[in-house]
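The structures considered in this document are given below.
The two complexes that follow have chain A in common; it is paired with chain B in the first and with chain C in the second.
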Partner chain A sequence: MTETSSNSVQTTLASGRLSDRPDARREQAAVRRRQASTLVLMYGVLISIATVLLGTFLFALLASVKEDPLEQPFRFWFAQINPVNWAGAWEQGREGSGNAWWGGFSPGGEVTFHLTYAAPVGEELAAPAIEIPRRRPGTGMAAAVYTDFAVDYASDLDIRREDGPLYEFTNKDGVTEQWQQATWHVRFRYEGEGPRIERVPFSSQAPRSQTLIDATLPPTRMERRGRVASWENVTPGVLGYVFNNYRRVFKESVDLNTGDSLFMSWFQNSLLISLGRVALTLVLATTGGYALARLKFPGQRAVFFTMLVSMMIPIQVTFISNYLVIREINLLNTPWAVIIVLVVSAQVLIMKQFFESVPREIEEAALMDGAGYWTTFYKVILPMSKPALITITIMAFQGAWNDFFWPLVLINSPPSAFALPVGLLSLRNAYGGAGDWSLILAGAFMSTVPVLILFMVFQRYIVDNPIASGSKE
Partner chain B sequence: MNKSLAHKERIAGILFILPFCVSLFVFFVYALGRTFLFSLQSYDLFSAPVWNGLGNYLALVGDPLFILALKHSLAFSIVVTTLQTGLALLLAMAANKQVKGKGVFRTIYYFPSILSSAAMTLIFMWLFQRKGVLNQGLSWLSAHGGLLAVALGIFLAVQTLQFVLGRRRYDWVRWGDPFHLIVSLGVTAIATLVLAGLGVGVRDLAEPVTVTWLNTRETFGPLPRTIWAIVAMNTFTTVPTLMLLYLAGLQSIPDSLYEAARLEGASAWQQIRYITWPRLMPVSFTVVTLGIIGTLQMFDQVALLGDAAPLESKITLAYFTYHNAFPPGGTPRIGMASAGALVLALLTLVMVLIQRSVGVSETTND
Partner chain C sequence: MTIKTTFMTAAIALAATPTLANDVVRISGWGGDNIVVVNSLINEVLDDDLKAAGITVEYEPVEGDFAQILTNALSAGTAPDAFYVDSFWAYPIFESGKIDPVPADNQDVADALLPALNQAFTYEGQLMGIAKDFNTLAVQYDMDIFDDAGVDYPDMDDDWHDFRTKLQQVQAELDDVYGICVVPDYARFAAFALATGWQPINDQGHTVLDDRFREAFEFYVTLPDENAGVLATDLGQGWTGGCFGNGDTAVAMEGAWMIGFLRDQAPNKYYSTVGIPKHPETGDRGNLVFTVAWGVAADSDVKDSAHKVVELLTSEKAQQWVLESGLALPSREALADNDFFNGDSTAAITSRVVFEGASDGQVEPFQFGEYGGEWKAIVDEALSAALLKERSIDEAIAHAQEQFDRLTGR
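== the complex of A and B ==
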């Protein structure tokens, strides 16, 4: 091994000082180039890994705002993320309901919509058949949620034709033709009083010889071999246009008895469960950890050993009895069940290790001064333990927020009592069959917001703290 | 005086440990005991339990679903533990590079681990749809396979050529010289783009790839294709967590060791083999132990698949237990569930013990 050392770069550099002959200088430059290249490659590797890891989420995030999450081929640039359409969506939302953000169609609304068709000179540019179809948006539960049809409240359509200039068009065979174009201005009002209607569907049918070349908003899809252009919503508003699927998660998963948003109550349940779990964890882990680290009591070794074993045994081994205990004390289907059921051994272990690292003298001084164990613990030790407390708080919150098993076992009904992860499962059951993945993905992304915030705020406590993350499992 | 102090400490200790002890006793010790008891009984959660002796265990052995679940759990655990340990180490070694902005990379690498299994599973289920992004990616690869092979050939040729020319001038030039790599990558990229523009190596697929990943009974090797999909999901989410453990381990290795090795002329591979790897042994044991425990209780992904996959292609021991305790539309078989659960507990202990004993012999060899 030592034989090769004479070949190493360091030796070359060291010998470089001996002379400044041109070829020696050239060699030095080559070595420097090599070092710079190493750095570039290193960043290349780091960035590639990051792209793979984040790319998955980017794909899913794009799909969550799409009309068709399973479109082929997958597009990275589409109507919902094109700022030109945001401007149109803003204007349409403002006209329909006065709300440029979320849009809608409400009393007093007056909407104009433009469509431009083109055809080669010589063909007739016939008026398309434009209508507001009697259709309710969405899949799954949407039919039960939306009971009003936009067409029942809209006035008759006022359609005005305006001819545009001729233009030259080169088709795919390379033949240049003269084309004519005409724009139809469609106007309709909300007649009288009535409910706010969230979405106004729209469709336009033209002969096949005519091509739709422009519209206030691009059509959601083309039907019947391109003859019918169909819009899900012509009064979306900016947010209603881009985040339509996110809004649908709230609007279309509702308790059919009360009309309340299920997603909202899942979110609240999960928040309550997580906060409760954090509070309970803090109490159990600090007292338990302190006792194991600092106090002598009978059965100490047994408790410690049992605790270690409990970290190894899968929860599926003990869940039946725990289910029965919770049933016995009448807490089934409440958030409290999920809060109390978990044994927080990992967090106790972390606190124990932390307390052991605190110098004993501090407590001994307090005890000498006549303070009791509780006062010493509460007034002296806990205030010193902030980093460890933050660590177990994050662990407990994240663990509880992401927990799927216990909410699944302990909360079965009604749907409004679910925790968020189980709620997501019910969303998948309701919409997955129809392929409505954009709504499911939107729900999944929204469910991650609290842990995302937690991650951003306390990033260094998580990434720099392998104990916390390691014992999460 | 001293004795009463010790007495006071005992009382305080008992009071301090009491809340945790209650939780530990009720939800673990008592629960484990009851699982044992239930495994010897027939019980449906509603009518009184009936003594059944070893009947449940005998029924387990005769239950093809249980055998399948056991097989899946074992294979899944071994495959995922191996994969995630290796990838976590590689990821940690990448994240341990001392470059500007390394904190940003660590944060990004950790990101997949913070999301809930529910959200992650749904995202992956979407990827794995028949018309999903994964199949589209495979279609693309299949259409461009020829081009990619040509690109690889160009890359190897350019790199070798540079190596041969470089070696003539300086004897320290190695085949994997970083400057040559960058040049080769650049040349390959340009050549490939030109070839792609000319349509070389690109073929039109008669049919795009439409592999059914989830709702299928196909198997590949020891596992159903559905569980291979779960292997991908599970590895993706656990690797970053384990990376942090390795990262801490790597940071605890003193730089002076590497410096000494470099002065001795040790290659990068030799440094990994003789310094990094042995020094990381204790971390590796932790990572493997956590991996075994975590993979054997993998449940969420299976449950979240729901009716999107047949029971036989997704069942594991953890899910077998749940499925027997709460069968959809059936009578709970708590006895069977408990017996299965104890097998799972035993399997976990045995696998951890095997790993530990193998590990001990390996460290003494060193």
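== the complex of A and C ==
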């Protein structure tokens, strides 16, 4: 506090309540303003950081459910997140297969799809040409997997017209015109027996003078400069509509020899690799850290120094020698190759520091009670090390789960043996290098789930400083 | 007949029966439409032939960076028995000795292929792979866009100026459409550069960026400035086909792979295909041949069976089916007269134009020998620098020439 303000406070106290004085009130107001502005600044910074960090996450999530994740400009409001369309998808799925969640087209299904076209008064409002095309879903493997087409089972196609009222339409030049509208109710059935078809593609072609203004579900895309409205699936079911890309990840990426989902294989491989690495890391970090912290043995400093140096060597320097060793012991193309290629110096260091902060008296008490080194370590020290162990577990799991380099180098055949990050890369298809980004994004998003769960469950342990926790007396 | 005689007769009959290999052959290639092609060939078209040969084929398509994965697998000794070899990166694979040359038994298959394709897979006088199909560049154009703009469709007689004028007219007439997406990629630019008569690597083994190269370079990189095109990246795309599929451009300059791409991404597109525009003075078209062969791993334990599988996969029966499915262009010369090419479907027209592109004008294989991707990267960098205005045309070419001088010698 400055001398002036100190005097002021003393004077104020002598003369009565602080807020009674006009200059004191001004000063209080100024303090409040400063506090408020500091608060605004602080929250502004925090919100900015959160926006940057979570914004990309939100973008990825939204893009992963879009039909065209590369659309420009990026829209935050689109068909898949519109509840009106959920209701339409629910109804269409129910009509097509009796399954309002995942939709489809099954024997007995009867689907009605509504299309409303409009045109200026005076123009002819012609019936659109409706087609259920023989369109195979997706690309690549999907084309080999899906062999049943809705067009082969849809029959009794019936189109009924219903005229609507005139309405006023303001064009882009600001001119208001009278427009006429008509709705076409398109109905088709699945008669007889047959397989459940997952999708019913649909297209409607109308003269350019007509505009599609409404439909049971918005078209997947408008083609031929507005002449053709095209739907990938008019019986999607609500989950099939919103999470179509996610379903595709499972269904369109399969091992052609076994028919198993490649994505599930990659997921299991990554899980095995991550759990294996976590287990190995915990064993090495705890035993190594404890030995360096508590045991006295010749060359201890050299071991510690070597460990520090090993942290500074990039993996690219040692990868050829590691690769050759793994090839010689016949572990290539197995998850074990990726599990054993790990450097745990940092984790050993963390555990060493942690164990050094544990009072020796605790171990001495255990030794006095007759416990050996191993019993002391296993039954006394390790239970106390929970925060540090959980931190290391999370770090190791996240590192292994997201590891790209080693799985790429060590596992290259067959595709079902890939780890998840490498598998996701392989979801790119081969049209001049263009990727199926819907599939990649949905797959990538699903790959974040295990790490997210791990963080959510154990986040409070990460906030805790393990060393600080362990050093409490 | 005594029992002894019966046994002897049976034994002689068994010995005379050709033995089946009973081998499992792993084959691999990249994804996309190839998966349907190979999967159908193995399980439908060639099923009986494979059974007769006693061979079980395990197909492992890779939907990623195939060259990288194959290189790793070859290094590890875990490569499939037979696999795709792209002419672009074939040289280092051949040089490594990891490919088993085509045996004399398969020579008749090789002799039936287009000679230019065999040339792409010949290393030190030995044929290292049997070309399975090929592609060239052509111009795909959106008929709705040209109709709406009131501009004549591109045609086989167009030269560079006609082509650019039509694109400019489309761009002027329609607010939401560009002429063509321009990409800094030699694999597209070469269609113009080669038409001038310029040679990528001359008889002395050097690359010289002469006036002919400059003429094509200037034409190509100024397409956006001349209101005839746009940079693909400005539309969030990386290739001309992506822009075309979205309806953002009037034309694309791609190969027959566009058929499959558009069938999936823009199934109702009303388009057709013509040849690459001609150079106004030479009257020639330029083009690249992209080709892929089946190679057999030198380390394979079932080399003979793998060669047999390759022979079947490139047989006339297999290629006839592939062609008539509209999935790929055959590498066999005899199939040039196939009726499929005379059809009027978009796939047939595109296939015909692309097939004819291999022998129309100045055509080079898409490969750069020992220099590989390093050679291409120099031209790509120059195109990128000029398109992004980081360097003037002359500066970009001069810089590229300096790099070529270091790479290929003066």
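FYI, the second predicted complex is superposed on the first by the 415 of 473 C-alpha atoms of A that agree within 3 Å, B and C clash if a C-alpha of one lies under 4 Å from a C-alpha of the other, contacts with A are read in each partner's own complex, and residues count from 1 in each chain.
The rule is simple: a residue touches a chain if its C-beta (ideal position, glycine included) is under 8 Å from a C-beta of that chain, and two chains touch if they have at least 3 such contacts.
All figures in this text were calculated on a predicted structure; none of them were measured in a lab.
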item: Touching partner for A:L425 - first (chain B), second (chain C), both, neither; value: both
item: Contacts of A:L332 with chain B and chain C, given as first, second, both or neither; value: second
item: Partner chain in contact with A:Q72 - chain B first, chain C second, else both or neither; value: both
item: If touched residues of chain A are counted for chain B and for chain C, the larger one; value: B
item: First, second, both or neither for A:H185, with chain B first and chain C second; value: neither
item: First (chain B), second (chain C), both or neither touched by A:P414; value: second
item: Touching partner for A:H114 - first (chain B), second (chain C), both, neither; value: neither
item: Partner chain in contact with A:R135 - chain B first, chain C second, else both or neither; value: second
item: Touching partner for A:R196 - first (chain B), second (chain C), both, neither; value: neither
item: Which superposed partner A:R225 touches (first chain B, second chain C, both, neither); value: second
item: Chain B and chain C footprints on chain A, overlapping residues; value: 70, 72, 323, 408-409, 422, 425, 428-429, 432
item: Chain A to chain B touching residues, read off their complex; value: 1-5, 7-10, 12, 27, 30, 33-34, 36-43, 45-46, 49-50, 53-54, 56-57, 59-60, 63, 69-70, 72-74, 283-285, 287-288, 290-292, 295-298, 300, 303, 306-307, 310-325, 340-345, 348, 372-374, 377, 398, 401-402, 404-405, 408-409, 420-422, 424-425, 428-429, 432, 435, 437, 440-441, 443-445, 447-448, 451-452, 455, 459, 462-463, 465-466, 469-473
item: Chain C residues within the chain A interface of the complex; value: 26, 28, 30-36, 39-40, 58-65, 68-69, 72-73, 76-80, 144-145, 148, 235-239, 241-242, 247, 254, 257-258, 260-261, 263-264, 266-270
item: Contact set on chain B toward chain A in their complex; value: 6, 8-10, 12-14, 16-21, 23-24, 26-32, 34-35, 38, 45, 91, 94-95, 97, 99, 103, 105-119, 122-123, 125-127, 129, 131-133, 136, 169-172, 177-179, 181-182, 208, 236, 238, 240-242, 244-245, 247-248, 262-266, 270, 286, 290, 293-294, 296-297, 299-300, 303-304, 306-308, 317-318, 321-322, 325-326, 334, 337-338, 341-342, 344-345, 348-349, 352
item: Parts of chain A lying in touch with chain C, wherever the complex brings them together; value: 70, 72, 133, 135-136, 138-141, 143-144, 201, 203, 205, 221, 223-225, 227-228, 230, 253, 256-257, 323, 327, 332-333, 408-409, 412-415, 422, 425-434
